Amino acid sequence: MLIWKKLERPVLYNAVVIEGLPGIGNVGKMVVEYLIEKLKAKKFAELYSDHFPYHVFINEDSTVDLPRNEFYYYKGGKQDLVFLTGDFQSMTPQGHYEIAQNELDFIREMNINRMITLGGFGVEGMPAKPKVLGAATTKELVEEFKEAGVIFEDGERVGMVVGASGVLLGMGKLCGVEGVCLMGETLARPMFTDARAAQAVLEILTKKFNLTVDMEDIKIKAKELDRAIAKAKELEAQMLTKLKKPGEELTYIG
Amino acid sequence: MLIWKKLERPVLYNAVVIEGLPGIGNVGKMVVEYLIEKLKAKKFAELYSDHFPYHVFINEDSTVDLPRNEFYYYKGGKQDLVFLTGDFQSMTPQGHYEIAQNELDFIREMNINRMITLGGFGVEGMPAKPKVLGAATTKELVEEFKEAGVIFEDGERVGMVVGASGVLLGMGKLCGVEGVCLMGETLARPMFTDARAAQAVLEILTKKFNLTVDMEDIKIKAKELDRAIAKAKELEAQMLTKLKKPGEELTYIG
Amino acid sequence: MLIWKKLERPVLYNAVVIEGLPGIGNVGKMVVEYLIEKLKAKKFAELYSDHFPYHVFINEDSTVDLPRNEFYYYKGGKQDLVFLTGDFQSMTPQGHYEIAQNELDFIREMNINRMITLGGFGVEGMPAKPKVLGAATTKELVEEFKEAGVIFEDGERVGMVVGASGVLLGMGKLCGVEGVCLMGETLARPMFTDARAAQAVLEILTKKFNLTVDMEDIKIKAKELDRAIAKAKELEAQMLTKLKKPGEELTYIG
Amino acid sequence: MLIWKKLERPVLYNAVVIEGLPGIGNVGKMVVEYLIEKLKAKKFAELYSDHFPYHVFINEDSTVDLPRNEFYYYKGGKQDLVFLTGDFQSMTPQGHYEIAQNELDFIREMNINRMITLGGFGVEGMPAKPKVLGAATTKELVEEFKEAGVIFEDGERVGMVVGASGVLLGMGKLCGVEGVCLMGETLARPMFTDARAAQAVLEILTKKFNLTVDMEDIKIKAKELDRAIAKAKELEAQMLTKLKKPGEELTYIG
């Protein structure tokens, strides 16, 4: 079961969809929500599905809403943009396909044939400066986004894109919506909302689309994260020093 | 698969649906069954679903019935009432959406556009006097039920309403049936049928709808529960006293 | 997905369906297969479903078949009989409803409006002589089968009928096929194919339908089971005697 | 949800389908991929399903594809051949039936009524020379493939064929596509891609269909596996010798 609530029918010209849903490091959702806020993008459609959880959220004003995906548009830049974000990805495999197919139908109704899906790419050990990795539906898109600073590898390290960002790309390839997935490197474990990875992806996107976006807030959050990581490392080093008494070999306790 | 068995087509004027299905503390089901019994409400529809368990119950007269949801009506008060109760909630997430959508279609066919869903709200530590918390589909309903004694918080404590009471509200919001959820505070763990929480919800409802309902039975059950709780506390205190010998610090054994 | 393979369209007059699928003690399946064999009932329909397991069986002649339910008919008695048996019950709750609905449609197409579903009823401790318990869709059927020797209790002990035998009864009640479930008492744990319970159910059925069925084979199997149980009890007694040395209290090691 | 991508409509005469998907020992997939490569068979159709995993693979050139099943054809031999292979079998029981039904519809549209499904048959202890076991939809096929060197047993040892190879056979039997399953004996545990079993199946197929296939590569892989197994046995023997000191009984440590 899918229910669309269409709030407005915006006139868009040559638009691109940028998708960011909850996922690893919450990178995609953080990037898209940041752009929606800073660009004051306007919500124009909501999608509800029985593959989202069976509860309502209670808002601050005590009103309730079912989980949903949301579409926003922004017409102030070089190119019209449509943002896709939401509370959840599908809870079931079948739902991933059903939701992607319906969202792609909606995208094609708007005469949009290009899509950028966002996510995190989990690595071991916090990267000094997170890279943005990519995969795409066509070789032309690979070349185009290489020039924008995205790293494309041979598939051996990345291997697959799981969830909405992947299925949207794969289904889009079958129905004429080309797409590229941008993945900011983030710590695979423990998982946290990663402002550093989000900043890396935002830098690629704002440059690529020539967007004037105030980056101050994301930089602050990324620096806070930098400090928290430095602090954690320092504590770890102190702990190891205490454990290692003079004349003894260090024994790792982990 | 959904099967409706419609027993009667009552003529209702400006009716309100009050839903109470099994759930935390069984508060909703207890309240609605109490009102059905005391108001002698009449069953007029049954709904069967393959998202309920795959068994039949054996009744006292050895006849059998599949699990079902049931609709009753009551026309003797200030406002016509429709009660929705049943043996089970859906066993699957998808079923929650399918059943809610079909029940809302049925509700709209009766020209009803207001619904009260009931439930329990699990707290830690038995509340001295259980409050009734609320959430609603519109700000107007929030204001209206605040005046009726319901507590509306900012969503931080309650957060979400899970199951039929939530999905009915959320789906109702999408299809023009406004609703409010009333949740009686009850013990989250261990769970038991909570007559005290049910009494608190019943007091709100009977006052709001100006219903003449004999409250004696629910008060007796609530008092029995009060005594059982007092007894349990006393036993616990005695046990702690025995454990704590003179001159020793109390050590909690849990 | 449901696939019917109809092999023949028998002309039946006032027939009754007797269903026995795998279940507790395999009582139902054993009874129906025994009747099919002894009465030389003829297969006339097969039902395949994607709610059965996703494999094929390899027959003795190396040919393969998907799991299925099968319908047989027998016209040589006082009343025409249709037998329903099969390899499996549904693997999913939804499948139980879908299969029951389709089988009931098929039953109604044959102008049959009465159904007997069979099963086992698990008890603790092997019954000296297994009783046959019942539940039905109408009070008239309860009375009719009480006279046939079936025990109907008030629902407190039996409570529910789970699976195909229950859902067929419950769905039948909704669509005009009356039914009664006969359950032979069998050991709940450990579970084994129980010829004694099957014999008890067979005795009710053959008498009720005035069937001339050679009962020798089932009696032999039931007696073998009797002997096996007696042997097991004897061994248990010997073991207890050995464990309990003179002058010592018996300590149960379990 | 099923999506067909048909790339070409080959004109085939009296063709046979040979299916090999991932499974035990990966025998089927290895055989079919070997034939596709050596015979330079041409892909003409892809099937996508929401019962495959919800991710895309990243190819070597950084482009992405959803998991899929693929159809290839080869017209250079005595008889036209269609190969069916893919990344995955269905993740769900229902998907197995849905995919098999759709693939059989596609096969029948091409006027094909014969199918060979391939798999591994897990045995305990590595067979000196793996046999190829079979099961079929008709007795005639059993006889025909006995002559081709396939072993047909009475069903007691093999018992069932699980997954796509089985369901395709079983559904094919219902809709007029006859079929035989060939299973190469392979080690049940630990599971690995078994080139020896694949070679055994390839030998049956190439002889039966009079195919000119360069067998050098599969022989090399099979010999490598032979050597690896001999090596493993030798190491095991050495270990046992070391464990067994003079004058001591051998104690197996496992």
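Going in written order, the chains are labelled A, B, C and D, and every chain counts its residues from 1.
Throughout what follows, a residue touches a chain if its C-beta (ideal position, glycine included) is under 8 Å from a C-beta of that chain, and two chains touch if they have at least 3 such contacts.
Fair warning: this is a prediction, and the values are worked out from it, not measured in the lab.
Q: Using only the C-alpha atoms, find the rotation that maps chain A onto chain B and quote its angle between 0 and 180 degrees, to the nearest 5.
A: For the C-alpha superposition of chain A onto chain B, the angle is 90 degrees.
Q: Any idea if chain C and chain D meet via the same residues, over half in common, or different ones?
A: Comparing the two copies, chain C and chain D contact each other through largely different residue numbers, since under half are shared.
Q: CA centre of chain B versus CA centre of chain C: separation in Å?
A: Distance between chain centres: 39 Å.
Q: Between chain B and chain D, what's the gap in Å when you average each chain's C-alpha atoms?
A: 55
Q: Which parts of chain B, given as residue numbers and ranges, touch two or more other chains?
A: none
Q: With chains as vertices joined when they touch, what's the shape: line, ring, star, complete or other?
A: Topology of the interface graph: a ring, with each chain touching two neighbours.
Q: Let me know each pair of chains that touch one another.
A: So the chains that touch one another pair up as A-B, A-D, B-C, C-D.
Q: In the complex of these two chains, what residues of chain B are touching chain C?
A: On the chain B side, the touching residues are 1, 3, 5, 48, 50-51, 53-66, 91-92.
Q: Chain D touches which residues of chain A in the complex?
A: Counting only chain A, the residues touching chain D are 90, 93-94, 96-98, 101, 134-139, 142, 152-155, 158-163, 166-167, 169-171, 173-174, 181.
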